[in-house]
Structure formats: C-alpha cells, structure tokens
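As written, the chains take the letters A, B, C and D, and residue 1 is the first residue of each chain.
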Amino acid sequence: MGAPGRAEAAYSACRVIESRPVGAYRLVSFIAREMAAGARPGQFLMVRRSGPALDPLLPRPMSIHDVESDLVKVLIDPVGKGTLNLAAAGVGDQFNVLGPLGNGFNLEGDGPALLAGGGIGAAPLAYLARQLMDRGREVTCLLGFRSRAQAIAAELFRGVDVHVSTEDGSVGRQGLVSELLSGCIAGLGPGARQAELFACGPDAMLRAVSATALECGVRSQVSVDTHMACGVGACQGCVVETVQGYRRACSEGPVFAAADLKW
Amino acid sequence: MGAPGRAEAAYSACRVIESRPVGAYRLVSFIAREMAAGARPGQFLMVRRSGPALDPLLPRPMSIHDVESDLVKVLIDPVGKGTLNLAAAGVGDQFNVLGPLGNGFNLEGDGPALLAGGGIGAAPLAYLARQLMDRGREVTCLLGFRSRAQAIAAELFRGVDVHVSTEDGSVGRQGLVSELLSGCIAGLGPGARQAELFACGPDAMLRAVSATALECGVRSQVSVDTHMACGVGACQGCVVETVQGYRRACSEGPVFAAADLKW
Amino acid sequence: MVEVLKTALGPLGLGHPVINASGTFDLLEADEVLRADLMAEFPFAAYVPKTVTMEPRAGNDPPRLFETAAGLLNSIGLANRGIEAFIDEDLPRLAALPVPLIASIAGERTDDYGRCALLLDECDRVDAVELNISCPNVELGGMALGCDPYKTRQATEYARESTSRFLIVKLTPNVTDITSLARAAVEGGADCISVINTVHGMALDPLRLKPALGHVTGGLSGPAIKPVALRAIYMISREVDVPVIGMGGATTAQDVLEFLAAGASVVAIGTASFRDPLLAARLAGELRVLMEQRGFGSVRELIGHAHKE
Amino acid sequence: MVEVLKTALGPLGLGHPVINASGTFDLLEADEVLRADLMAEFPFAAYVPKTVTMEPRAGNDPPRLFETAAGLLNSIGLANRGIEAFIDEDLPRLAALPVPLIASIAGERTDDYGRCALLLDECDRVDAVELNISCPNVELGGMALGCDPYKTRQATEYARESTSRFLIVKLTPNVTDITSLARAAVEGGADCISVINTVHGMALDPLRLKPALGHVTGGLSGPAIKPVALRAIYMISREVDVPVIGMGGATTAQDVLEFLAAGASVVAIGTASFRDPLLAARLAGELRVLMEQRGFGSVRELIGHAHKE
C-alpha cells in the first residue's frame, strides 16, 4: 500500500513445517531460506506468532538451534507466556521472524573446543558444534540439565561427543555442568591452554563455567540471556555490564568474552 | 483445591462440536445439557474461549440461537475482537459458558406473532419462532440484512414463514425490515390489534420497528444490545434508560417492552 | 479453608487473603442469578458491597463499558440506591454471610464521609468501612477529593470521629504522588489503605470515532493496570505502617502471590470476577499450591517479601 | 506518499501523520542491522532520535525490560552518549534523511533545556526540538520537573529563548492534572504538546518475587496504556490551541485513526515498532484505506473528529 517496492515489514512470515516435543522442550522448524543461508552459530532470531494478538506483545529472542537447507530450527523451553505461545504453534502456522541477529560465536581459533550448555542454553550449541567440527576443530560438548525430561535434548547432538549431567542424576552424571567441565579440562592435560570454552545458559551457570575455565587458563565466550524488546540495538533494554560499560546483548552480543563481563 | 464440594467456577467448560460458516456469520454448537434443558427464547449466555488469554479479556453475551437435545447453538457475527475470537473456535475447542441469563421473551399472549430481526439480531428468533409455533401461535418472521452474505442466515429458519429484505436488494425485498413490517401489518387488517411484535437488532432498527408497530396499535417486546461485563447484574454496566430509570439489560432484560424504553 | 491461608486484616479474621473489589461482585444478585448458595459457600474471604452514598444515584449515561487491550473501561458513576436502602434492605439479607463485611461509602464533600460512617456505626453486620475517595466517574467529590492530601485527611478524620470500625481509605492512582495521599489518610486516622481504584482513560467508538462512553472518560481496570497497582502497593506499604489492600488487575494465583509479595496484606479481585464470579475460590486454592512450591509457610511470611533484602 | 495522507506539523511538511516515539527506533542502528536502505525509504514521516542530555548517561542497572499484559515496562534511564556526540557524530550521518528531524532533549534542571536547545539551534539538520520533561526513569529532572507546572513553564521558556525551531514539550501522564501542565508549556512558548510518556509501573520477577527491574520501578508503554493516551490527547487538544503529537500504545491503523480523531495532529509509534521496526510504513498505507472507507478526504478533516458535534 505504500510506494511500490517499499519495504513494509522487517519481519518475514515463515511457515512452520514441523513442531515436535523433545522431552520438556519443543523443536520447531520453519522455512526461511535467506536466514538459513546467512546464519552463524550463536546468532539469534526475534520470533513472534503471526497475527494481531497483543498478549504476548513482543517477539522473543530464540537461538538458531540448527539449519538444514532452507529450514531454520529453534528449540523452545516453554517457561513463560512468550515461550508457551511459540511452543503452541502447529504445522501450517506462521512465525514472524527477524534475523539472523547478533554477533554469534567467534570460530576463528584452532584449539580444542569445549562447549557447555545449561538447560535450554544447549539450543545454539548443536549448530555451533557442527560448524566447529566442519572447521576441523576437536569438539567436546557438556550439557547440564535439571532432569531427564530436559536431558532428552542431548539426542539432538548426533555425531557430537556429548557428556550429560543432571541435577537429580536421572541421566548422565549427577551434578552441575561446571563439574563436568573441571573433569574434562583436567583430561586435556597441558593442552588445556590451547582450549577454548563456548558456553550458553543461565547467568549463574555461565559464571561458574567461565570461572572454572579461567582457573585452568581456558578462555571463554559466553552467550548471555537478557530480556529484549527491539532486538536491533534501538531500545537499550538488553544491556549487560562489561568492563567497557553497558553493552547491548542484541547488537553487541549476545556472545561476549567472559573476561569482559562484570558479574 | 478448596473445601470438598465447593463450587470453584460459575462458568462451565463446554466442548464445541460444530463450527461452520453461515454466510458471513458462524454457527457454533457446543454440549451444554443443563443449559439446553433450561433455556427460554430470548435468553442469552456469556461466552469466552477457555484459557488464560487476557485479550479479549471478558466473555461476550450471545443469544441462544437454538437448542437441540443437549446442544446449544449460537450464531456469531464476527465484528470485533470478542466475536472474532469466538468465531475462530474449532471443533474440540472449549467455551466457558454461563447461562441461560436474562428474562427472555414473554410468550404468554395468543395473537399473531410478528418477529423482526435486524442483522445478527436474527439469532434469537429461530428458537423463539419454534417455541411460539409449538404454543400454536401464528408466526411471521421478518429479517433484514445488509446483503446476501448476511441473508444466508435466513436458511436457519426452516419451517418458519420468513420474509427477507436486504439493504442492497441482493436477496428478497430491497430496503429495511421496518418497511417489510408495515406491509405485513397492513396484511393483517383489523386483526393487527391482537398481534404482538418480538424484535431484536440494532437500536435504530428496534426504534423503527417498534414505532411502526405502535402506529398500528401493535405491542412490541424488544431485545436490546449493550456492552456487558458481568452478565449477572453486578456491575451496573449494561443499563438502558427506561421510564422507570436505568435498568440492567443482563438481569432485568435483555427483553423490554418497547413502550418502557426511553430512546 | 486451609491453615496456611488463614490471615487477618486488623481485627478481621480471614480464611484466606482474597476479597472482592467494590462494585464488581454483587452477592445478592449473584445468589439469585447463579442459583448457588453463595451465602454458605462464599468465594471471597470478606465481602465489599458496591459503594453507597447518602442519596440514591442513578449513575452516568450509558454506554458505561468498553473493553480495551487486557483492560476494561467503565463509567458507572456510583449508581446505587442510597445508604438508607443499603442499611434497611441489603444488610438484613446479609445477616447470614459467614465472612466479614466491609461497607464502602462515598460522598460529595468531606463531611459526607462522617455522616455515612455514623449511620453504619449502628449496624452490627458492618465489620469495617472503606472510604471511596477515588471514583474517577463522578464530578463532585470522589476524585477531586481524593487528589488533595488535605481533603483526604479531612474526610478520613470525619469518618474516624464517627466510627469505631476498622477504617480503610481507598486511593486513586491518578495523582502525582500517591504516597503523600496514603500518609494523609493515615494521619487522618485510617487503619488501612486500599489501592488502586481505576486509572483515568478513554476510548473511541471504532466506527463512529466519537467517545465510546456516555460519560466520555472512564476508569481503566484489569490486567492492563497491574503494573500500576504493583507500584502503588510497593511504594505505599514501604511508606506507611498500616496494612494495605492491593487490587488492580489481579487475575491469577500468581498475581495474588505477587501483590502480597509487593506488600499487600489482602488482595481484592475486581474485573477478573467478570471472567467468572466464583474465580476467587479457585485462586485461594491455587495460591496455597504456589506458596507450598515456593516454601512460604504462611501468608504473613509472604507479605512484603519483595521489600526484604 | 499519497496526497490524502499529506499533512503538516507547524512548519514541518509530513508525507503522512505517523512518526516514531523517541527511544524506540534508532535509524543508524536499524540501517546496519536490517541491511535496508532506510535513509532512502524511511518508514516514518519524521525522525525523533533518542533523548540526549548535556552529559553522557550510562542508564539504569539492568534488567531494564519486563513485558506485562499487553504492555512493556522499561527503565532505560535515558542512556545516551551526550549531546556533543549526537551533534558531532550522529547528525552528520543523518544529513541525507529525507524527512524532518525532531531532536529530543532532557536535563536535570530547567536551564539545561536552554543549554541543549542553544547547541541544537546551530544545527541545520534539526527541524524541531522536543523537550522530554517526562522520563519516569531518572531521579533528578525528568519527572520531578515535568510534574510541576511552574518548572514546566520555566524549562519551556529557557528553551524558547534559545531556539527558533518548532518547540515541542513532551508530558507525563503521571500527574493529577495533565491539562494544567499543557497550559504551562504553552504559556512558556511551546509550539506543540506531545503526550504521553510512559505510565509509572512496576513488576516482580515471577519466581524470585523481587522487583523485576534493576531500577525497581519503570515506565509502562504499549496497548495497555492506549486508553490513558486517548484521554490525554482528547483533554489537551480541547484545552490548548497548539497541535498535539499523540502516542501511547498505538499499534494498528485503527489506533492511528482514533488518535487523530481524538485530537492528535500526528501519531507517534513507540513500543509497536518492537513488533516490527518498519511497521509505520504499513500503518500509513492502511490508514489511507480506512480514511477512504470512512469518507475522510484529508488528515485535517480527521483531526479532532471526536470533538465535533
């Protein structure tokens, strides 16, 4: 209705073609050719169910869980009204999607890559693991979950060297993912100094794993979880405190060097 | 979760078992045994889609369109967010329903019954016509619609003597239902004084038909349309002005003697 | 009701912390319409009838209601049959009510509150009196009075002199500084503050593009105003030493939990009762479950939790 | 843009009546992130950058955002790099912007508004200046200033003396009487009133039951506050003779239609841009369709329609 050729939406309407439970989480795939082509591990999308509904009001940030030809996949942990709403989408429904957004992980190193995910923080690690392995890096993936229902998500890491812990011991080792990490770094021996940690999860988990890594001289990149409104650097709402001051998780993150974060 | 046996909801969850378009309207049937048993023509229900959604926030008043064994049927004109939401319900979805509410039409007379509906105001007249005919009264039903898409609803009046007008002349006579009424009353001749008008529709239409009726000495009962919140006489929100002062459409109406209304 | 939910509002013992907001639940009407024995199984822990005034009031011109995004605008205008009819006709019918009764009164001038309170002081059935100085839908009194700390204090003093009952003052959020009004009410002798009344608002009829309400402006209630209510409860409960009744958009048991944590001693349900008049009974049950999940052993422990370090 | 949508705000010619609300759309950021040529195809009829202050401000402690029922709470706290960086770095990059630019400024004291306005008066790229005296998220200035008619007038006078640009004053709804503030601003020399800034609110973290925002309280925006905005627009446009920029929850073309009918000359989109940063372009197109359907031949005909008999 505007002038011809004028863009009238930044978000694209993407059709959901798969939506299935993965334990307590939900895996939803939708068609998004351009996004699939451009996506880098650790980047995210802003996602909303298409339609005029005003509650939930805003899109939610969702990590790119995986990419397969022209499909983009997200893994959803339905904890609140936004994620519940997204997880309720069925095949044929539409998502309004903006992205890929954010900086993503820096894949340039060449030492062994340790991936650590806490709960739904596992979501971006599948695509990350694959891309790192494609670059010839040695990948070990450590996933901590609350219980069995969440830990089922480890199945999504086919072909990856995955170690699981659960808080209740129902699957894998009992305890936290930071404990898995200590053991794993110890196993690397002197090679640990070349290793790099890529982590995603709740703040407390990120603090714990990056502290553990630091003790052993392992650098960390962490992807932080903050509430977002715009997703494009406009609202200043999603900031985290870094040694350089507040930085926006959406446009200057969500991946930060752990050493830069003040927490 | 309260004390045993304690009622925890006034609304009942009713399963939708049919939802189909009738021209521009939508006919939705749901299972509600007790309501079906107790319903009188002109009574209404407060209806909301089950679930925690906060927008739409409140139930909407819906006339009882028809009753069939343990089914209650409503006819919906999707004009705003509440009616759109209800009309979007599919088979298997649940409605939260309260009712039957309100006074309903007074069926006690015995003269010829003239029914007049304007637009979705046709909804309560199907059940009314049937009940009047069961009581042996002579029924003529006059329905005015905007255009063909609405007028298709006349099909729901099987076995009733129905006359249709549309504003654009696409079906039946071109014009307003009040014009149909003049002709119809004239046709009754001197018998008109025994006749009674039952009308439902927008205010302007109710004013027009009851004025026409009055001129010919025909009494009118009209069912008014007001915004409602509680539906049970608690909020004083749905009042209409009558010669006795403000009266609540939900608990003292929605049917009023036209002679009592100040408009 | 279960032990863990038992609580009190001043001298009033309550089975649980959920009551109704004035003007949104009518026991005598509901009893008839719902054909439930509400007198025996009352869903709320106390009953607050609609505000009454010295003289009967017809209320404002219709339309009086308009739904907005997650909210409801109303402009009822304190329609009521007057305090005499309330005392002579309604109160006797409420004799068997098994929960405390909080009468709500409003006036056009500050001394009207004294006159109403005096009349109610004779009525045994009345356990507490709420001064509604915050209705946005009446021209005189109501708001104008409730926006002014001096008049707020004066109206409270008049009522205080006229009654020994537990005295609640209900405030409007439509002011620059709601805590100063709360302080004024407490200085005037209030035993409790009730917040919030509705938020000033307006709607246009979507087709005619003219004011949707007969009174032009109205009061906004429902989930849309929950953040406004939470702020008022939090600020006031930090500022004054009397208990606070919290209301404004509470719809779920999680909302009740949050209102209590923000500093309310009791939570009132208004607009949400229009989604189901018996909702409060379910909320109380669900609140118990949430409290157990989060490890709260009593309502007292929960009240003001958000203020604790 | 199409003829029927063309309009003006004082001396500023606008292609349509939809602009952005300060702090909710960042052209320079969006241009990069969206990889769209926004400078050439700007969705809004004018651009209002985020409020700037004399000194850079880091803003409030996170978390700064919380979604509520049909609303958004924020407590950004006027994070900005300061007026110098705005003038030296941002304005040159906005040289090619094809629409009027409205700079938004805030200060801690009334004379800060004069100082900022004076600096901007040197900048050719700045077509108008908006005084933000209504941010609920900063301790000094902002709100405290915008709640007081005397200080509102004084801040406006300082700015008026310092600039010949079209002068807009943006008001807060968190006051007892918003029209008295609008009058004070006009008396101080304002050419235009902008309403509303966000509504005071608060949220608790649902699990911890502690304040969800680092700053404890925040400002509520989005559809939830649309009724509050409509009332402010309606009351102020009836009271003052200058044009009004209306904002607060507008999300659909129907909302834009209603804001104009209520008395706004221009409608600003804030929170709705978070649903899609290019939304405004679609709203303008849809507005045209709605105007045609309802028989409005021009924006001028529509403005204030709700006031007409």
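Everything that follows uses one rule, which is that contacts are C-beta pairs under 8 Å (C-beta built on N, C-alpha and C of every residue); 3 or more make two chains touch, one makes a residue touch a chain.
Source: prediction; values computed, not measured.
Peer 1: Within the chain touch network, how many edges lie on the shortest path between subunit A and subunit B?
Peer 2: Each step joins two touching chains, and the minimum needed here is 1.
Peer 1: Applying the document's contact definition, name the chain pair with more C-beta pairs in contact, A-C or B-C.
Peer 2: B-C
Peer 1: Compute the centre of every chain as the mean of its C-alpha atoms, then state which one is farthest from the centre of subunit D.
Peer 2: Computed centres place B farthest from subunit D.
Peer 1: Between subunit B and subunit C, what is the separation of their C-alpha centroids in Å?
Peer 2: Whole-Å distance between the two chain centres: 35.
Peer 1: Indicate the whole-number Å distance between the mean C-alpha point of subunit B and the mean C-alpha point of subunit D.
Peer 2: Centres of subunit B and subunit D (C-alpha means) sit 45 Å apart.
Peer 1: Residues touching two or more other chains, restricted to subunit B: which are they?
Peer 2: Residues 54-55.
Peer 1: What parts of subunit D, by residue number, touch at least two of the other chains?
Peer 2: Each of 69-71, 206, 222-223 in subunit D touches at least two other chains.
Peer 1: Mind listing the subunit D positions that touch subunit C in their complex?
Peer 2: Interface residues on the subunit D side: 68-71, 73, 147, 174-176, 199-204, 206, 209-211, 216-218, 220, 222-228, 230-231, 234-235, 249, 254, 257-258, 261-262, 294, 305-306.
Peer 1: Show me the residue ranges of subunit B that touch subunit C in the complex, using the header's touch definition.
Peer 2: 1-3, 6-11, 48, 52, 54-59, 80-82, 96, 98, 101, 226-241, 245-246, 251
Peer 1: Applying the document's contact rule, which stretches of subunit C touch subunit A when the two form their complex?
Peer 2: It is residues 69-70 of subunit C that touch subunit A.
Peer 1: Which residues of subunit A touch subunit B in their complex?
Peer 2: 53-55
Peer 1: So in the complex, the part of subunit D that touches subunit A is made up of which residues?
Peer 2: Its residues touching subunit A are 1, 23-26, 29-30, 32-34, 36, 41, 50, 58-59, 62-67, 69-72, 74, 76, 79, 206, 222-223, 251-252, 271, 273-279, 281-282, 284-286, 288-289.
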